[in-house]
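Two complexes follow with subunit A in common, the first pairing it with subunit B and the second with subunit C.
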Partner chain A sequence: MNMQKHHQTKAMAILFLVEIFILVGIILFLKTEGITGTILFIIGIGGCWYIFDRFENLQNYLTSLFQGERRFAIILGLILLISLPFFLRSNPYLIHLCMISGIYVMLATGLNYQLGSTNIVNLATAASYGVGAYTSALLSVHLGISFWLVIFAAGAVAAFMGFLLGLPTTKTKDYYLTLVTIAFGLIVYILLNNLSWTGGPNGIGDIPPPSILGFSFRDEIVLFGLRLPFQANYYYMVLSFVLIYTLISQRFSFSRTGLTWNAIREDEIAAKCSGIHVSRYKILSFCINCFLDGVTGAVYAHYVCFISPENFQFMLSVMVVTMVILGGMDNTFGVIFGAILLTLLPEKFRIFAEFRLLFFGIIIIATLVFRPQGLFPQKLRKYT
Partner chain B sequence: MAMLLKTQALTIRFGGLVAIDNLDIHTRRGEVLGLIGPNGSGKTTFLNLITGIYPPTKGNILFQGENIVGIPPFQIVRKGIARTFQNNRLFSNLSVLDNVIIGMHHRQRSQWYHAIFNNRFARKELRDAAEQAMELLEYFSRELVEDRYKKAIELPQAHRRKLEICRALAADPQLLLLDEPAAGMDPEETLQLMDDIFKILERKPDIGIIIIEHDMLVIQKIADRVVVINYGQKIAEGSYTDICEIPEVLEAYLGETEC
Partner chain C sequence: MELFIQQIINGLLLGCNYTLIAIGFSLFFGALNVVHFSHGDICILGSFILLILYGISQAAGLFNTLPALISIPIFVFTAVLLTGLFGVFFEKIVIKPFRLSPELMVLVATVALGIVIRETVRISYPQGSNPQIFPAIFPDGGFDISTLFIRYDSLIIFVSTVALISGVFLFVQKTRMGSAIRAISQDIEAAMMMGISVNITVSVTFFLGSALGAVAGILNGAYIGIIRFDMGLMGGIKGFSAAVVGGLGNIYGAILGGLVLGFVETFSSAFIPGGTAYKDVLAFLVVIFFLVFKPSGILGEKVFEKV
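For the complex of A and B:
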């Protein structure tokens, strides 16, 4: 009994140290300026990843610790994530970066249902994200509907669009399907640019910020006697969305649906001959991904309060695809890691902004050549 | 015994090539039908027609009295026909256990929204599936049970075949189609395979099996009846000893087997 108690304390201590280490790492990384510091940091992250990846015992040990003290680890993690803005409150831009990372995490976990689980290379993320953003903006600007209702409308409209986009899957697959999604993304971009009621290239401005019980998200927030910049409100909102998305993603991956998607990814013919309605499950993955993208778009639109077609270009789809490929196909935490890393790095290398596309191209090629399963490969399901 | 599958004038043309030509084949419950013929004679095409992968140009496929022509593959599994493939088509990066659980797909009922709300019924269904899968694996091989959390691609060839058979059986079929299960196996593994097929019959005595095989020893030992096809046409039918004496069969097979 005493031994058990001792083990438990030790496990908690180690988890505590690991989580603090990660949080401090994130804060320091956010605060680093200049190329040298950033490169040193990348080497550090690479080193940590290498050690984690190389030593399977370490991986298993940490996983078992986490599973043993699940509740403790999650609560501690939550406290640390909630405390993050307090460390960054002198610099609202850094909180903004955290919030944008969260937006990309949401997009990437959404795309993971397609790219990671089902191997559908959907390059229309920008389209579904844009449709969500525009739907929510139009509804709240013209009809004055509350943000909290509008996000569901945005998700629903985007999901319907995803359903339409998914219909060709009954006839096409692989590269051809990807081409369909690219074409679709371009069509949406052109429509947003040319329709009169979307405001054309000028976009939509004056989108009202969300509010709870009269408290507008554009006001500074005072928590525990400390004044935080208004970005913190959005950070907390995005954090809660990220947690919900992660939870859903975890649940899907350990369900009949997730398993079925994986079967389609591995071998479509064999999946058909095992009784799987392949088209139905593919369309389902389109709908779920686009719903989540639509909600994300609404959150983004109500954060920046001004959207234009420029926010929803093809480049964005490529970025989200890169995040999923680098992070790890169908590994929720890998995808989150990829999304955060690839949001922060370009910000740190702002002076090379013109090379952004090149940078993402290199990452995709390098990952596919050297490590096609991504930095954090999918874990096998365990049944107890 | 009751008629399980019956094809009537089954024909498929690929452009100018008639791959299956007016084929009438039938099989009964509890019977192992051996389907043999030289390479390219249309054996695998025949299985692809039955499982709905190709639609036939003409003809009927009656399964338990119902015409299943035009039904998509995933529904044919629901009717009770499961198969294995000539070159394994396992879900390579999924575990052995997951492969078998996917075989039970059409018998499961939980939906995507159950996953979101972590529904108790859905969790139980998955747990039960894992239990049934373990039971099935256990029946055929201890090694597969030990390797249940290995990726399918990491298994040796003989085990992959066995796993593919388990996956097909997980669908609880009335008719099992085996496409060259002994290909690439050494004599000992082949013996093991025959043993496994007898085990299937022991477990489900009223299942029908159609087996395509080049290894005549396997056909001789396990097939109750043999159909020989060449150029998509049936050239002989009967017990193994009967067909061995038919000159056309010997001619078609000349140099391939010494019957």
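For the complex of A and C:
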């Protein structure tokens, strides 16, 4: 009994250290400026990942620790995430970065249902995200509907769009389906740019910020006697959305539906032979992905308060696909890691000014060449 | 009527351009089952290489003594050759490592390669973010056929495209290397067992495809007179669409797809009021329509799935 207790304390202590280490790492990474610091950090992240990946014992040990003390680890992680804005209080831009990473995490976990679970390369993320953003913006600007209702409308419209986009899956697949999604994304982009009621290239401005009980999200928030910039409101909102998305994603992953998607991914014909209605499940994954994208779009629109078609270009879809693939397909944790890394890296690369995107591209190619299965590949499910 | 014929000529020219890009996609897909997403950027790379060569020779006054009729083909030839070599080089670095991994990886890697090419062009060319004026490599003017005015550059574009495509056909159908390309596109392992060097064949394929892409980039740049570092993204997507509409992996299909796309775009901007803004929408709707009702493209072989 005593032995077990001792074991538990040790596990908690290690978890505590690991999570604190990660948090401090994130804060320092956000705060570093200058070329040497950034390069050192990138090498450091690479080193940590290498150690984690190389030593399977360590990997298994940490995973088992996490699974053993699940509740403790999650609560501690939450506390640390909530405390993050307090450390970045002096620089609202860094909180903004965290918030944007959250947005990308939402998009990437959404896409993971398709790309990771079902192996549909959907390059229309920008379209569903944009449709959600525009729906929410139009509804709240013209009809004055509250943000908290508008997000569902945005999700619903995007999901309907996803349904339409998913219909061709009954006939096409692979690259052909990818091209359908690319074409669809470009059509949405061009329409947003040219229709008069979407504001054309000028977009929509003056989107009202969300508010709870009269407290507008554009006001500074005072928590525990400390004044936080208004970005922190949005950070907390996105954080809660990310938690919900992760939860949904986990539930799906362990559900029959998730298993069915994986069956389709592994072998479509075998899945068909086992009585799976392949098209129906593919369309379902389109709908869910687009619904989540739509909600994300609404959150984004109400954060920046001004949207234009430039926010929803083809490259955004490519970026999200890259996040999922680089992080590790179908592994929620890996996808979250990929999304955060790929959001922060280009921002940090601003110090390289002109060479920012160039380095970014080179890093993606290098990572893929040396690690084709993504940084954190999914392990087989364990039903225990 | 005159307007109609003029639009047919325009559609044909656009179709030629898309066809040249689409043939590259089809060759790559045929050889390795990959979609080379940065192919459009390689095309633009070709036109920028020509621009650089032209700029250097202007500055050094190298070819001022030679008549344009000789010097410009030399430039074009060098640029196309260099781009072809670049294509081979990129294949070795970015596509070859993924020969055994899922096809998705190549897609993402080539998308990243596209970013790298675009950015390199933008950074290394002076004021590369701005549109660049392309040198007038075609003779001005034109001639009349009854009431119809045909510009020399249209004629050159059309003739050179037809000549190149015929050349590629002959190469693929009649030469030893061409049959090697066809062999690895049918069955890469069986081809290896027959003593075909896959590496060399793939390199030749990429050289051919990239060189054709460079020609497309140069012809397009010379025709519209302006190039921009990021034009390749859209060009690549259009070329890929053309290849898919016609049937990926089929060279006849690439021609057909390119022409379909070219005509749809030209006609919708010419004959639909306010259609210029929506010409791409219409083109992509046609693409989706084709894919839904003819999933393997117009000329694509029916794919039987093997268990």
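Convention: the second predicted complex is superposed on the first by the 364 of 384 C-alpha atoms of A that agree within 3 Å, B and C clash if a C-alpha of one lies under 4 Å from a C-alpha of the other, contacts with A are read in each partner's own complex, and residues count from 1 in each chain.
Operating definition for what follows: contacts are C-beta pairs under 8 Å (C-beta built on N, C-alpha and C of every residue); 3 or more make two chains touch, one makes a residue touch a chain.
As the structure is a prediction and not an experimental result, all values here were calculated from the model.
When the two complexes are overlaid on their common chain A, residue A:G275 makes contact with subunit B while staying clear of subunit C.
Within the superposed three-chain model, A:F355 lies in touch with subunit C and out of touch with subunit B [touch as defined at top]. Annotation for subunit A, partner touching more residues between subunit B and subunit C: C. Judged by the touch definition given at the top, the superposed model places A:T257 against subunit B, while subunit C stays out of reach. Residue contacts after overlaying the shared chain place A:A156 against neither subunit B nor subunit C. Of the two partner chains placed by superposition, only subunit C is touched by A:T172; subunit B is not.
Legend: residue contacts after superposition of the two complexes on their common chain; A:F314 is shown touching subunit C, with no touch to subunit B. In the superposition on chain A, no contact is made by A:L80 with either subunit B or subunit C. Once the two complexes are overlaid on the shared chain, A:E266 sits against subunit B while remaining clear of subunit C. Across the two superposed structures, the residue set of subunit A contacted by subunit B and also by subunit C is 269. Every residue of subunit A that touches subunit B in the complex is listed here, in rising order: 248, 251-252, 254-260, 262-263, 266-267, 269-278, 284, 288, 378, 380-384. By the touch criterion stated above, subunit C contacts subunit A in their complex at residues 29, 35, 93-94, 97-98, 101-105, 107-109, 111-116, 118-120, 123, 233, 237, 240-241, 244, 248, 277-278, 280-281, 284-285, 287-288, 291-293, 295-296, 305, 307.
Of all the residues in subunit A, the ones that touch subunit C in their complex are 115, 119, 121, 167-168, 171-180, 182-184, 186-187, 190-191, 193-194, 269, 314-315, 318, 321-322, 325-326, 354-355, 357-358, 360-362, 364-365, 368-369, 372-373. Only residues 51, 53, 72-75, 77-78, 82-83, 85, 89-95, 97-98, 101-103, 105-106, 108, 110-112, 114-116, 118, 122, 125-127, 130, 149, 151, 167, 171 of subunit B touch subunit A when the two sit together in their complex.
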